[in-house]
Structures are given as structure tokens and as C-alpha cells.
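Two complexes, one shared chain (chain A), two partners (chain B, chain C).
Now for the complex of A and B:
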């Protein structure tokens, strides 16, 4: 149980950071995020089977592919929306998500497969501490999430680009006056978010299954981002663990369908009670 | 015949209140109404059925346009509201209520649920409300699924829950042709309601909130209350539409109400023109006809029927997404924007490039 919570919350961490990074730099809720996550599983699997790439090589490839597609999404779709309202930009991400989902259905016929089993990826169980048994892939997922979190925290705290991103998120116009290239900063946010999402998507498809419903899984990352606070990096981990724990407890003692709905019930409750989440900035969503 | 309006000639309030202000428009709309009334006389059963579903889509698009296009709140919960309409009306129909009370009760419950979903609007601004609608979608999807599968009838789980033939008292809506005239009447009512709502106090308040919430608040508009009202009105209308949809199709089934359906309705609003009732018409007709256009395209390309079966829905989804993106980037005012530009061109002909061509 603890092992399952760990690996699911690790996936949620990797998804939620994508939502948070894009939201806090450009204030756009990226509804295409889940579909990017989903399609990466299919693309990785297709790549492995067609050019017989060793499965684990698909991970760096998906990371790079995610970075490129993030850049493309920003350059082609989001940059032209710069002068428009955020409203329109969010609609574009919704439409993009729909297009990606459709393309995945056209290209891969919406098949449900189990890449981990088909590719016979080494997945031996290890007992970390008594009672907590993780498989190889799950260990990889948890480690990846830790690396992503640590790397991003350091990035935002110390690197020039991270500091620029924080500046842009506080006040884009002022940041632009100070000579920060706003477009580069926004593009950077999309690159990071998509790269992590595609990487996580490929990894998730190895450990669980590959199906079009992966985009629903990813939308639950949105619930995590909200619980942690839409603009807060440090809220992501506790929120991911909390949501994953509640979801899996409900799955065990309730029903799987109920477990799928639970994160969104949490969304509704959080919106009513504490909309800025655990660590979010309260002023950002002040009532007018 | 007074087609060209060269100035502002309204001399009394009655003229200002009139919806159709030139004789040309009156004749045009009159002819259009006659043509629409005549459709069942010449068209077959299938065409009329498609028209019925299109009428439903238009009503749904108007309901969403009030919320998204006028009040500026993106909603991904539209299919959930439709589901509420369908399942609530099934529930009350099963209890033995007639068609009219069922639809009235469903509308009222829709309004109540709108209060729940819109409640965060009293405290929040911006995109947080979209999150609420996404959450609402999944919670409702779970609940209606449970409702459908918890029934005793195993067959119902597969076919969906069957609704009785609606009885209006003087006539029973048995076939497509009777439905056609009934839905046309409902559509006329909904349109009149929406058109008049958006040009009165409420509608203007919504537009102000959409364009700049801070300015709206400074003008004395209670922003939270009007957002909440937008949710209430939109969800009541949507639930009513959902009830009608359930009765037209004859059954409700949970798997129909996906997130993709919500996005399809958003596509209608965006493609037709956000913040325009005419846009809801154009968008809903466009989106409803798209599957037939794709089928036609497949057929003219000589694609086999089996391949068509596999690819029809996915390619539809792709096309919806792409068209929505194209409109958002290149023509944010939608089909209505194109229509207005064409009209302005002819109204001003032979003068061109006038500043007036940008007028609304």
C-alpha cells in the first residue's frame, strides 16, 4: 500500500510540477498537459517497437522529445496568443489537448496495451524496508520524481534562468523592462513542463498500462497542483502524497470508479474551503 | 428596400427595442422561418432527426455561450450539466411524472446545481472556476455511472436508461416530425430569452465582467454575484436541453457524457463566435454538420466502410481541435466575425477600408 502510494504520488509530482510551472510563469492553465502525457506513452512504445530501441533508451528520448514539443507548442500556439486574453490562451490549450487526443486515436487506434509486459522490461521487486516492496520501474519513478523536484528547486533558487522565471511570474511587464526576455522565459516553462510530462508518461506506461484514459490520470495531476497551490512548488510533494493516499485508500475500501472521481471531489472542496491550496499565494486569487 | 443603414435613425423607444430593425431583416427572417417550417414537408425522416439534434445542439450552445461568451467563464462542465438533465429527468419520469413537470423540475434542479458549481465564483476570480467545472464533470460522471449500473435491470446497463414517450397533453411526441415542431418552438423560446437577456441589465453586467472584472466592480457591478448568476442561468438551460436530448433520443447512458462532449460545445461557441447568439446558431450548425462532411469526404476518397467506422470519430476529434485552434488564432470572433465583415463590405460598397468596417 505504501509502495503504491509512493509510486503514484511520484507520478503526480511529475505531472503537477508541469501545471504549476506553466501556471505560475504565464498564468495559463495548460489543459493539453494530460494529453501530452498520454501521447508520449504511445510514441515511446511505437519508437521502441519500430526501431527496436532498448526500452530504457526511450526515457532520454522522450525527455528530449518533450522539450522540443514544449518549445513547438509555445512557439506555434502560445506565442501568437501573447496579446490576447488568458481566456483565449486556455481555450487554445483545451483545443490542442483535443487535437492531440484525436491524433492518438487516429494513429494508435486507441488500443490498450501493457508495454512493460510486452517488452518484458526487467521489473523485479525489491524490498526497501520491511513492508514496502517496489519494483524496478517503480523505484525509477520515485527516484525520477525526487531528481525532478530537487533539480527544479535548485534551478529556481540559484540559476539565472530560474531567477528570471520567478521574476517574470511576479510581474511580467516589470521583468521585461529589466531586460528579461519574457518569451524565452515562457518558452522555458513550457519546455520544462512538457519534457517532464513526456518522460513521466513513458515511465508510467511501462509500469501500468497504455490507454487513451491516461489523459484522465494526468488531469488528476491538476487536482494535485490545486491542492498544493497553483503557484507553489513546495506544495506539490505533500499534495501529491495526500491525493495519492486518499485515492488509493478509496480504491481499496470503496470502488475503482470512486477512486477516479475522488481527486476531483477534492478539487471542489479545496475551491470552496481553501482555494489557494496548501502553500499557494493567497493574494493572487483575492476576491475583487 | 432599406437594406443599407447609413445612419442612426431610431426616433422612439419602440424602434430601439425592436430586434429586427430594417424591413430587409424582417423579410429575411420571415423567409427563413417559413423555410425552416417547410423542411419536414419535403425532407425525409433521417434529415428531420438530424435537424432535431441540431436544434438541441443550438440550445446547448446558447446556454454555454451565455456563460463563456458573455460572462467570460470557461466551462468544461457542460456535458456534466447535460448528464444531470438526462438522468434527473429519467429519475422523475420513472417516478411517474409527466413530460412537462419533469422538464420543469429538471430545469430547477439544474439551476440549483449551478449555484453549487458557481459558488466559488463568490470568492475567486480567473481560472480557478474552470478547475471547479473540471472537478464537477468527473464527480457527476461517477455519480451517473453509479446510478446507471446500480439499477436492477441488467439490460439497462448496456442500452442506457429508457425514457417514456413524452405526452404534452394534447399531443404525444411520437415521431421525428412532431419533435421537429416542438423543438423548433422551444428553440424560439430559448433564443428570445437569451437575446433579450443579453441586452438588458444582466447581459450588460456579464459583458462588463468579461471584459475587465476590476472595471466592472468599480462601476458598481457585484462581480461574484453576476458570475454566479451566469452559472445558474447557463446550467438551468443546459439541464433543460439535456432533458430534451434524453427524450428525443429516448434513452440516457453515462458514457455519452464525456469531457470531449464539453469541448465540442466549447468548439461551437468559439467557432460560431463567443458573445453572440447568432454565433451559437452558426457554431452549432457547423459542428453538427462536420461529421457528415467528414463522412462525405471519406466516401469521395473511396475509403472503405470499415475504415470509416474506425476513423470517423477520431478524425472528427482532430478536426474539432484544429478548427478551434485556427479560429482562436486567426478569427477570434468566429463565423460571426466573418459574417459581419462580409456584411460591412456590402453595406459600404463601393467605399472600402472605412473605419466603419470594423464596427460591430
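Now for the complex of A and C:
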């Protein structure tokens, strides 16, 4: 159970940071995030098998591909929404998600496949400590989540770009008056979010299977972000662990149907008590 | 003036093309067997049911290319029901308005209830292409509802019987099930397989139910390994059967994992997993046996654009053969009543059918599935580096639905 919680919460961390970064910077709830996660697995697998690259090359390629797609999404769809209501921007992300899902179904036929097996990726079990056994790729998932969190924390705290993004998230107008390129900052948020989502999607598909239902997995990342606080990076990890643990315990000892709903029931409960999430900022809640 | 003439010419040309298309299609319909093909071509179950429908389509196109049934072609009218019971009913109403003779329905058990109601109202003959349930199952099938397989009750008992044959361990088998939260699969595991396995002496450790939208069976696999499970039966949608197998294989579990590999998506994925202790019981022979029927399937898949692993075409192809046999028995001209009468005494036992599925399809007034069915068991052979037979044709008797 501990191993399962570790592995699942690591994926939730990588998904939730994408939601948090975009929301924190631009106040947009990105409903296409899950579909980016899903389609990255298909794209990565298609690329690796077409060009015959060693399998683990899919990971840096997916990072780069995610960054480029985040930039394109911002430049083509989100930048023109500047000055319009947040609600309109959110609608755009919903439409984008549906479009990605539809194209993935048409292009890849909704087939379920096992990239890890087809690419002969070694995924052997290792006992980390007694009672905790993780496979190779699960270890990579956990390590990746740790690296992503540490890197992003340091980035936002110490790097010039990170400081600009924080400034823009607090007061975009003031930040613009001070010479910060707001579009560049917002684009940066989308780049980071998409890059991490695509990387996580590729890694997840190596570990489990590739199927259209991966979008639903990613939606639980939104639940984690809401529980932790949509503007809180430090809320992501505790929220991910809590949601993963409760979900798996309910699935194992309670009802599997409930397990699917658990992340969202937790969201409802937390938001009833603290609408800004466990670690979020009270003033940051916008009405959509 | 010349631009007006040009516009007129364009419009007239377009109208002529449209008219010829209408006349052409009417002409085709007038001289063809018009058949409906509805099912889950998109949505969560499409991975299993679209290949089923496509298998039927490529069979029909193959048959039409060879001249059809005594010169009469089959015209398929397709509708995508997207796993939505309301859409299923709307589709059937539309197909009925198109005066189809019979509908081939490729959809999971979740929408079968809505379909059966609608087809009864319309008195629509149906060829159900899935594991069989009422209203096709014996002892009292609906007169116009047919399914060329065996019912899931029989599948369930067969799965348990087979795991006992495959399990070679000492002592009572510690058995578990991997299933999905859908009525047919979950009911089969909890209400049929579990009690039957216990009656035969197995110690049932768990019936693990995966949420429908989930693709991760790792927590279930870990729990099985922790609790010493040494045999697993999985009888559900392909993605979940394989998810359970993959998760257990990754933990180096060496027990016996039995699933059904007939459903599209299952056999091809078993080949991807390359794990010898995953066994698939299957209604069909392997394409690698290279008999004439296998070569026809491979050719047709290539010629007529089958976008899935070719092995997934077997089930739909079998149903296409049965459809063609039924229409041939109906003769020309054919109507629904004549067709149903013909199907109530249909026997499809040609070489192709036997080579493909090991046993004939025999329908009578009281049996609209099959009185018995040959099955095989396959697994990955590490030495041959290919799927191979673990058990040759083994006949199971159809059971009455209860």
C-alpha cells in the first residue's frame, strides 16, 4: 500500500503543479491539462517507434515537445484572450481539451497498448525498504516528482524569471508597469505546465498502459491542486499524498466505484471548510 | 452574362451529381441486402467494439468484392452509439426507417438492455456481436435475437474449470479475480465464478473490482502478491484484463493468470506482454496457422483498411460469415420475417468456420447461441518467441441462463 501511495501521489504531484503554475500566474483553470497528459503518451510512443530511438529518449523529447506545445497554446489561444474575462479563457481550455481528445481518438483509434513492453523497457521490482517494492519506472516517477518540486521551488524563489512570475501573479498591471513582459511570463507558465504534463504522461504510459482514459487520471490532478490550494506550490505534495492515500484505501477496503469519486469528494469537503484550499491564499479565489 | 452562365452550369452540374448519387444509392439498396451495423465506434468501449464492427465490415466488403451472395451485395448502414443507451435507441429507430433486414450490434452489456427493449418494439432482427446474454441466451431466447458464441454464464464456468486445469501447485489454490465495475463482468465474478470456484475447492482471496475509467491495476496486483494469491481469473473488458496481467508480471508474480483473449484488444496485447504465465482462453484459432480463412482475413484487412491489429478481426469476421450464411438461407427477395425463420434453423459449418473457431454455429428455435463451443488456450512461448497453444480445442457445453 505504501508503495502504491508513493507512486500514485508522485504522478498527482506532477499533474497538480501544472494546474497550479498556470492558475497562479494567469488565474486560468486549464481544463486541457489532462488531455495534454494523455496525448503525450501516444505522441511519444508514435515518435519513438517511427524514428526508432532508444525508449528513454522519449522523456527529454516529451519535455521539449511539451514546452513547445505550451508556448503554441499560449501564443495562439490564450494570448488573444488577454483583456477578456477569465471565464472565456477557461472555456477555451475546455474546447482545446475536447479537440485534443477527439484528435487523439481519430489519430490513434483509442487503442490500449503497452509501450513499456513493446519497447522492452526494463521494469523490474525493487524492494526499497521491507514492505515497499517499487518497479524501475515507478522509482523514476517518484524521483521525477521530487526533482520537479525542488526545481520549481528553487525556480520561483531564486531565479529572475521565477520572481517575475510571482510578481505578475500578485498584480499583473503593476508588474507590467515595472517593465515585466506579462505575455512572456504567462507563456513561461504554460511552457512549464505543458512540459511537465507531457513528461509525466510519457512516463506514466511506460509504467501502466496507454489509453484514452489517461485524461481521467489527470483530472484527479486538478482535485489535488484544488485541495492543496490553486495558488500554492507547497500544498501540492501533502494534497497529493492525502488524495492518493484515501483513494487507494477506499479502493482496497471500501468500494471501487467510490474510489473514482474520492478525489472530488475530498475537494468538496475541503472547499466547504477552506474554499481557497489547505495552503492557498484566501484572497486569490476568483469567481468563475 | 457569362458569369451567370457559369454559375448556372456549376449548379446544374452539382444537381446532376447529387441526383446520380441518390439514384445510384437507391439502385444499390434496391438490389442489395440492406443491413445495419451499430455499436460503440467511439467512447470508452470503442477499443473493444470498434474492431468487432470493423471485422464485420471488412468481411462484407470482401464478400461484395467477390460478387456478394449469388450476385446480391450487402449494403451496410453504420451508426455510432457511443455507449449511450439513448443513442442506441435513436440509432435503431433510424436504421428501422432505412428498412434494414437485420442489425449487427457491437456494444457492451451496459447498453444491451436499452437495445433489447428497442429491438423488441421494432421487431428488429439482431445479430449481437459480443459475449452472449439474454435475450439470445437459452432456454427461451427472443425469436429475433441471435449471438454466435456462448453465453457469459458458460464463459464463467469455463474460466473456473480451465484455471483448475492450468494450476499445477500443491494444496488448495489461492484464487482471486480481477473484474470491472460493469454489470456483466462484476456479476459473473461475484455471483458465478467465485461460488463455483469455492465449490471446487479453491480459496478465494479477493474479487478486485477496477473502476471503469481506471487503467492502473498496480494496487490490486500488490495486494494479491502480499496475500499469496497463486491464480487469477480475469473476465472483463480487454484493457482491465491486461492491466491486471501486466501489473502482476511487473512484480515478478509467477502464478497462473487466466483471461479471455477472444475479445479484440486482448490477444494483440497479450503478445505485447510476452509473459508465459498469462493464459488466454480463446474462441478462435491463431492467424499464424495460415489456413485459407486466416489468409482471407489478413488480405481483407489490408485491402479494406482494418486499422487495428489483424488478430482483432477474427470475431467480426466470424459474425460476418454467419450474417452472410443467414442472408443466403433467406434467399432473394428477403424480408425480416423470412430472415428470422431462416436463422431459427441455421447451421454454419463450412471449412472456414471450423478452421476459424473450431466448431459450427448451430441455431434452432430454442438455441440462439451455440449448443457447444470449442475453445483453446494460448500463452506466450518464451522459446518460440510467439503465442502458442497451451491447450488444444476443448469443447464446452452451453448452459441455460439463470
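We take it that the second predicted complex is superposed on the first by the 283 of 288 C-alpha atoms of A that agree within 3 Å, B and C clash if a C-alpha of one lies under 4 Å from a C-alpha of the other, contacts with A are read in each partner's own complex, and residues count from 1 in each chain.
Methods note: a residue touches a chain if its C-beta (ideal position, glycine included) is under 8 Å from a C-beta of that chain, and two chains touch if they have at least 3 such contacts.
All values reported here derive from a predicted model rather than from experimental measurement.
**Q** When the two structures are overlaid on chain A, which partner does A:245 contact: first (chain B), second (chain C), both, or neither?
**A** In the superposition, A:245 contacts neither chain B nor chain C.
**Q** Answer with first, second, both or neither: which of chain B and chain C does A:133 touch in the superposed model?
**A** second
**Q** Identify the partner contact of A:105: answer first if only chain B is touched, second if only chain C is, both if each is, neither if none is.
**A** Both partners.
**Q** On the A-aligned overlay, A:209 touches which partner chain: chain B = first, chain C = second, or both, or neither?
**A** second
**Q** Check the residue A:29 against both partner chains and state whether it touches chain B (first), chain C (second), both, or neither.
**A** first
**Q** Tell me which of chain B and chain C touches more residues of chain A.
**A** B
**Q** In the overlay, answer first, second, both or neither for which of chain B and chain C A:260 touches.
**A** Both partners, chain B and chain C.
**Q** Quick check on the superposed pair: does A:77 touch chain B, chain C, both, or neither? Answer first, second, both or neither.
**A** Once the two structures are laid over each other on A, A:77 reaches chain B alone.
**Q** After the superposition on A, what does A:88 contact: first (chain B), second (chain C), both or neither?
**A** first
**Q** Go through chain A and flag every residue that touches chain B in one model and chain C in the other.
**A** On chain A, the residues that contact chain B in one structure and chain C in the other are 105, 109-110, 216, 257, 260.
**Q** Which part of chain A faces chain B closely enough to touch in the complex?
**A** Against chain B, chain A makes touches at 27, 29, 31, 77, 80-81, 84, 86-88, 90-92, 94-103, 105-106, 109-110, 216, 219, 222-223, 226, 230, 257-258, 260-261, 263-268, 271-272, 275, 285-288.
**Q** If we count contacts the way the header does, which residues on chain A are in touch with chain C in the complex?
**A** Within the complex, chain A touches chain C at residues 1, 3-4, 7-8, 105, 109-114, 117-118, 123-125, 133, 135, 138, 208-209, 211-214, 216-217, 248, 251-252, 256-257, 259-260.
**Q** Can you tell me which positions in chain C touch chain A when the two form their complex?
**A** 42, 44, 46-47, 50, 181, 208-216, 218-219, 222-223, 238-239, 242-243, 246, 250-252, 265, 269, 272-274, 307-308
**Q** Which bits of chain B are touching chain A when the two form their complex?
**A** On the chain B side, the touching residues are 72, 74, 76, 119-120, 122-128, 130-132, 134-139, 141-143, 145-146, 213-214, 217, 223-224, 260, 263, 266-267, 270, 310-311, 313-322, 324-325, 328-329, 332.
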